[in-house]
């Protein structure tokens, strides 16, 4: 055999993530669509739920995390769409990199995508709802990262399955949304407490659920991913 | 640009250092079987292809040719039986077997938003090729695509995309090259470039399995021919000296039986 | 064209199913006419005899079968396991629908609201969605092997989801006091109610198994027909169709 060594799992994952982001950067349309969607949704929610009747601090967490969920789902579909188009996925699978690396790489790229959208959506929510963000910014970023990890783990796995079906764009939310409940609920509850000025220690119960969810599902989805590939 | 018939420069150097004297064949199949539910696509095939040989595989649609290639490429697991790719056993060999295989299909397997060079360089990195960028440029030269290196694949014609796809598949100088109807969509220039590249690969010791409907091109490259039908080889023999027309009759008879 | 079928598959009456349906009917009769009315909740409490067994069977038995059969399928790749899982999902979704209907019907007169984030009801709701997603996924995938694999993955992940939903609802409820839910505790049920409860449990379980079996056989027959078609229509080589150059 040749002396060359194919990249290990993490190196291969990084390679694939870079490639996905390069493609996304080249076209940018999915990213822009997700951002525009988020901003539109925030504006519509703001008008639909009168923030003078109910305090914005009560409304904002729900709005924030619902938008997070839906804009996150929007971006996920393109991850495997680009592989299906000309069966580029076959080239990945024929190469020596292992299947878990393909999952990790795609999940990492999706994570960057989701966090990128959130980086614009969260300030937008703060703007509309007049939230005192600066003092809660650090913990909020932490929650956003944790929530994004869970969303991306489940979403990447399901989009791998959905990409193969007739109903792809509709199927992904139908499959994934029940799984987002243990993400959205803790995130919204914690955000609500933070905005009400409570210390983060009060929300530890919720955060533990979120962290446990992330650990369990990142592992489970990485292990399940090879089963979504034809073998 | 050079005439299609002249030999190419930059022929790939194939890794030979670790071949032992009792070198295993590049491809070996022993009672290789693949089923999908109740449908048997590949039925207990036993054959071998050695370095420097080209097995041209003909047969009607649905005969199992594509399935056979996908099993040899490591995309599908054998239902029963074994295969040896570069001496590595399937099932089980996994990444080691895939490292020495290049797969070309009638779909380009490219990312249309990236350039030709980016696609090939990405593949080179996946295989752990040293100096991936140089290897990618070499592969582009090889398929005479140097001036298209920075074109997004999306902007290339079908034929050019196919050539990029071929360059991508061989950038890591595979010992085994599996081709599934690679001539689809190629014009005269493209087909000639492909044939020349395959001759070159063969000359450097690669083992080829070429599935094609184009009997002429297949016969020109083949050292061995096989006709597949319903998952089995109904004919498997060295190329011999049959001319194209005579072979056409052989083929028709074989699949009509 | 007649297809050969084993003698017991020929349609006669499905005795198991008939008995199960009769058992359920008998339970209804007993619950309505021969079981005392509960003091605090009144007649509405009798919905409990339908609601509770359906919830238990749908949430734990049906979903458990889906998850376990799915995991076994991924290991053994036996299509019968996939058929069991799919049948269980279909019957399970029926049972959970019953829970989601009877829950509010019971709740309205007692709690005064149609819906409450009761732990079991919430879990039922989200597992119901997972079941529906499961069935929609199966409908969207053509190839049987792929369909089985995808379903199994979804089933196993769904099973992993259950504890997280439990936890989330539990935490939600401890922090947001809810109206006290009146559930008849089992030890304090008078014998007649206990007997009816036991009877409903048994009869609903029988019904589940009978429906599961019937659905499984239907699926097996359908798959057998499809397989026969595939074998009969395997490609005949067409001499003229091959582009020979």
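Per-chain residue numbering starts at 1, and chain names A, B and C are given in the order in which the chains are listed.
The rule we apply is simple: a contact is a pair of C-beta atoms (placed from the backbone, for glycine too) under 8 Å apart; a residue touches a chain by one contact, two chains touch by 3 or more.
No experiment lies behind these values; they were computed from the predicted model shown.
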Which chain's centre, taken as the mean of its Cα atoms, is farthest from the centre of subunit B? C
Select, from A-B and A-C, the pair of chains that is joined by more C-beta pairs in contact. A-B
Closest chain to the protein's overall Cα mean, using per-chain Cα means, please. A
So what's the Cα centroid distance for subunit B and subunit C, whole Å? 49
Distance from the CA centroid of subunit A to that of subunit B, rounded to the nearest Å? 39
Report, in whole Å, the distance between the mean C-alpha point of subunit A and the mean C-alpha point of subunit C. 31
Would you please write down the residue numbers of subunit B that are in contact with two or more other chains? none
List, in ascending order, every residue of subunit C touching at least 2 other chains. 145
Residues of subunit A that touch two or more other chains: which are they? 230
Touching subunit B in the complex, subunit C uses residues 79, 143-145, 227, 230-231, 234-235, 237-239, 241-245
Footprint of subunit B on subunit A - complex, ascending: 1-7, 12, 15, 19, 22-23, 26-27, 82, 85-88, 90-98, 230-231
Would you tell me which residues of subunit C are touching subunit A in their complex? 74, 126-127, 129-130, 132-133, 136-137, 140-141, 145-146, 149-150, 152-154, 156-158, 160-161, 164-165, 167-168, 171-172, 175
What residues of subunit A sit close enough to touch subunit C in their complex? 154, 157, 161, 164-167, 171, 174-175, 177-179, 181-182, 185-186, 189, 205-206, 209, 212-213, 216-217, 220-221, 224, 227-228, 230
Spell out the residues on subunit B that touch subunit A in their complex, using ranges where they run on. 15, 17-18, 73-77, 86, 94-96, 98-101, 103, 105, 107-114, 118, 122-123, 125-130, 152, 168, 172-173
